[in-house]
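Both of the next two complexes hold chain A, though its partner changes from chain B to chain C.
Up next is the complex of A and B:
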């Protein structure tokens, strides 16, 4: 039974989730300064709205109640999908704002992560221990993985959007368009999508390729590889075994890197005014829209937790050792 | 002694290490000496706006007439500060938790690793955002500390794994039966055996802190006073430097970060080869 392995992982995720929500609740309450006063002062020009906001905030924060009660109320509201109302896009609920942003994040993140992971692994495996290729490719890969996502985004936007003027550099589709499944819209969408996708893809590619290259070198030094070599096994076969072993840490690496990748996507979206969570988040920060910031934080955490869980599931299927260690089934 | 000499011998011979170190030192020189060459205050409006590089303004000016070169060298200072303070703090916390959890084992180990795994899963930037968003005044130093306090988990995990394997060695057992206190065993017996690893961890944390700060600054949660490379890029994007084609404003800050962090990674691979004879290329 691999359910033991998964249930242990689930426990960590549940605790993480609990911890994250608690932080989300705690920080505005224990930080210096009064976020409610800041919130209300933004509406000083609109007396009507000020009144609504103020009564809403006292209710939402429930500051007259004891702390433990505030905490329970926070959870209750959160579990019923109530993340408060956005100040910046008043009177839209934060949940609605974020729900509309999610598809854009997925459209950027899923393809860029998957394609770069596969391409990077293959590339790294080929480059490892091939002297000429390695000594030329390695510096390039290090430069790629050290590049801030946002700066590559800026460079791509400047080169392809301004100098060559081939691709648009703001938004997810043209202002004149309305989202639909028509060919014209899809074409327009892809043209807006390609540059942010490339900034994520290129930087990630460097990281995966370096990881794979190093793993393969370690594997080729391992005793089993040496043994195969003395037996006179062809290099192709040895490399194949090395690759299989090296892929496993790369899957773990994928889980570990998710946080950094998501952070990179946030900044990339800002460069291209791409309407995902990152762009919304910056609007929230610039407008001191605390409910929106809190909501973004929670959505990011939930997304990363789900993705982690998914990677764990995959890991169980590709690594027989996990299956054996946690149940001894004979698969 | 001869071991140290052997390591130094391979260190000086290692091309990766030499190249990486030279690049980092070059930028460090710019960061330290640059502000004395800069003719202007980085935030003051000193000249005509939208001005390409010239003999008067070496890196050109921003839309509002701030000197990009001054911003660049002061920004480099911020980056090195964040790397040093944030990177050191993250390394120290990671070492402390990793050593302690790995050496003690048992319930303490379980609890510390649970905490580590929890913070490991939460994206650092998300955690930074929620903390920084509620701090009305932030300096580079505060930023570094927040980064240090969130970047340690992977170090803790790696150090713990290494400590676990060292703990079972005879010389550690010997130290334990002579009733030496735990912290002395950790510092005197276990750490010296991992010194090379600790040094490499610090280099990675240094680079990681610089990159984290750039993201934070760019989102709008950087220092509220002063200038940094991330803030330069944020301002450039906010004031349409891309659309206006002001390459002198958008290229230097990102290029410097890429080269510094890339050089650090490169140094790290070089060091790996120096410390690990199996990886040396003959």
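Up next is the complex of A and C:
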């Protein structure tokens, strides 16, 4: 029974993956402009030589071939695990670029998303049941979630970094350090990490909390809750059911957030000059780096699909209705 | 439980050990620099210097000469001396005792190899030199003769401080693809610094304590390490200078005049306006093959209509200066050949009344009464001026230009395409008006400016210069002639003829000099170069290390 559910899902995922990757391949190529032109535009030398370099590079990247051939080459390389060479960070392979950048995004986004999700849900659920708390906290949450991220980031950096001078304002660790497994380094890394983390956490917290609060209120007003109430069920039980229902969309939201982690946090990176994939991806787009754009979005596609897949799996456990729909009473 | 405590103990030992040995660079031995690295470090190949991490040429690989634009002085570097022993033979003597950082001696064979490599691979950027270079003969370990079929003295002089010399014992083993497209990690050079390490947001150079110039010239760079930072926004760079975390910044930072007053320790080249040395000239490129922009009278009227002074004041807060009518940078090498009388006779200046007069006389009149002039054939005129989106100083500048042009009745509009679209339109000749300065850089000869502005090789894509596809066989001839000029007097004569054509035709309009942005912090390092102490140009951009960057490092001192 479960296997029927899963195999149907798998087929949908495979098809989605194929089309998404094809679109991912197409979009950068249909943008106006030419990546090799941008690459040679940085070249300041004899004009005569630029021409030769231009044709050499066009060939080296295989961009002189017809589009259909490039498309086949792309799949062939992809299936053998080759994502190509970045044009913007020439001659670094795209895989290397991603490998070096993405750990920073994980270290920053994973904790901020998870912690804000847990804190936001608890906070929202509590706020929904306490009128006084609600009327006081809700506006604060609305302000938080609507805060322009750039502004909050600069404010934090300026206050704690420049004025109070407690935290550093740039980099993932001191520019005077080399990474090592030492307490000094870990402490230094955390000091650089805390402001970007806080800025992300604060903005995300508002969103999750408001979502949860609204869902709980909605669920408490639902018919099943009222029915339970008339049956004389204890408040605790009703709230428990309301929470179980309310958390479902939050789980989906969380999964989608986690899925696009690979896109990085562009604004954070710029405001705190923090390494990561966001800025590189933006530069890749501006420089029309076909291979880098492809590579990044490939991981985003995989991330989103995996996240959806896990949501599907988790729903089986946290939402009995899914279980019943596919597995009858057995589950 | 026993096992657990053993593991914990081991971990603790490891942590304390690394705590003791974990490396932190001493502040007073480390120079933090920024402004010349925007992408994460990925390439140290001197064959592709435009793509390599800044410092690859200069700190690691070195050139035969250094060039000081302030005094127009070619300083022999790897070379001991070089002179023309006949009209077409240049004899070069190397210093005795040069070594590569791996200990191998650097000899005339390495120099010959470097040049001959470009003969073998025409994809190498300086290969076109072999059109006029015939042969490189090694005489002995320290001496070699360059035989020229068609000696281009000006271009040769420029190349002497541009081409990095490669170690034959490393590069002769590389395949063609490795040479042309390899990352060359780690690079082995002869220069004052060694490649130490890098990560996404930094490049770390370690001083080469066996550098030849320490022994031969008594020069020792002050910083033991250079940590070159990739800083992603001006706010951060500015904050770091104020905190004393960034020692030398070659970023364009708005508001330096005000900040200098508020914070005493920001060091700039000049204490007052323009604060910065000039780096290159911003030109307004006109698409000279598009009607009616092919009409020189219209271009001349535009030159009179635009007010670069307004741009310098409003956009750059006087951190830049207005260009002269030829676009010559204010450096001796260029100003020595500046044809004063030609400019006095034909030069233009901001004068909207004159612009209107030229337009009226040329038949550009507002026929349909919409407030804008029409072309002499009665067709409507509308021009887009383009600069890349996000280049905020240029975006503000072209808004002013559009306003200036509209004031004399030319309908122009500022447009900001993405950088990729900008390059596509500019190179492909699909633009009306565009600002560009990519290769009008400070150099030892104004020939580099003209060779770029009027590159005669018209292609589908003009990737390097002459974006407006201006063609004039007489001008082309004169520019080739200029590259052959041997003396300043010869050059001056040719430049006067070029300038006359330039001012009659005004294919492109010089506007202002972009600055060699430089702000230094005096908290850790002192004796920074300045107008009062101009021992070197303090620039850390690609291509500028040999024009002063290296000598800045040997000139500064620790506090």
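By our rule, the second predicted complex is superposed on the first by the 238 of 331 C-alpha atoms of A that agree within 3 Å, B and C clash if a C-alpha of one lies under 4 Å from a C-alpha of the other, contacts with A are read in each partner's own complex, and residues count from 1 in each chain.
The rule is short, and it goes like this: contacts are C-beta pairs under 8 Å (C-beta built on N, C-alpha and C of every residue); 3 or more make two chains touch, one makes a residue touch a chain.
No experiment lies behind these values; they were computed from the predicted model shown.
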First, second, both or neither for A:182, with chain B first and chain C second: second
Contacts of A:304 with chain B and chain C, given as first, second, both or neither: first
Which superposed partner A:125 touches (first chain B, second chain C, both, neither): neither
Contacts of A:286 with chain B and chain C, given as first, second, both or neither: both
Which of chain B and chain C A:169 touches, first, second, both or neither: both
First (chain B), second (chain C), both or neither touched by A:216: neither
First (chain B), second (chain C), both or neither touched by A:264: first
Which of chain B and chain C A:158 touches, first, second, both or neither: both
Partner chain(s) touched by A:254 [first = chain B, second = chain C, both, neither]: neither
Residues of chain A contacting chain B in one complex and chain C in the other: 31-33, 35, 154, 157-158, 161-162, 169, 270-271, 286
Touching residues on chain B, where the partner in the complex is chain A: 114, 117-118, 120-127, 129-131, 133-136, 154, 207, 211-212, 214-215, 218-221, 233, 236-237, 242-243, 245, 247, 250-251, 253-255, 257-262, 264-266, 269, 278-279
Chain A residues touching chain B - in the complex, by the definition given at the top: 12-13, 15-16, 19-20, 23-24, 27-28, 31-33, 35, 138-139, 142-143, 145-148, 150-152, 154-155, 157-158, 161-163, 169, 210, 214, 217, 221, 256, 258-260, 262-264, 266-267, 270-271, 278, 281-282, 285-286, 290, 293-294, 296-297, 300-301, 304-305, 308
Residue ranges of chain C touching chain A (in the complex, touch as defined): 14-15, 18-19, 21-25, 27, 30, 32, 38-40, 42-43, 48-51, 122-129, 162, 180-183, 197, 199-202, 204, 227, 229-233, 235-236, 239-240, 242-243, 245, 418-421, 423-424, 427, 438-439, 441, 451-452, 455, 457, 459, 461, 463-466, 543
Residues of chain A touching chain C in the complex: 31-35, 37-54, 56, 60, 86, 88-92, 97, 100-101, 104, 154, 157-158, 161-162, 165, 168-172, 174-185, 269-275, 279-280, 283, 286-288
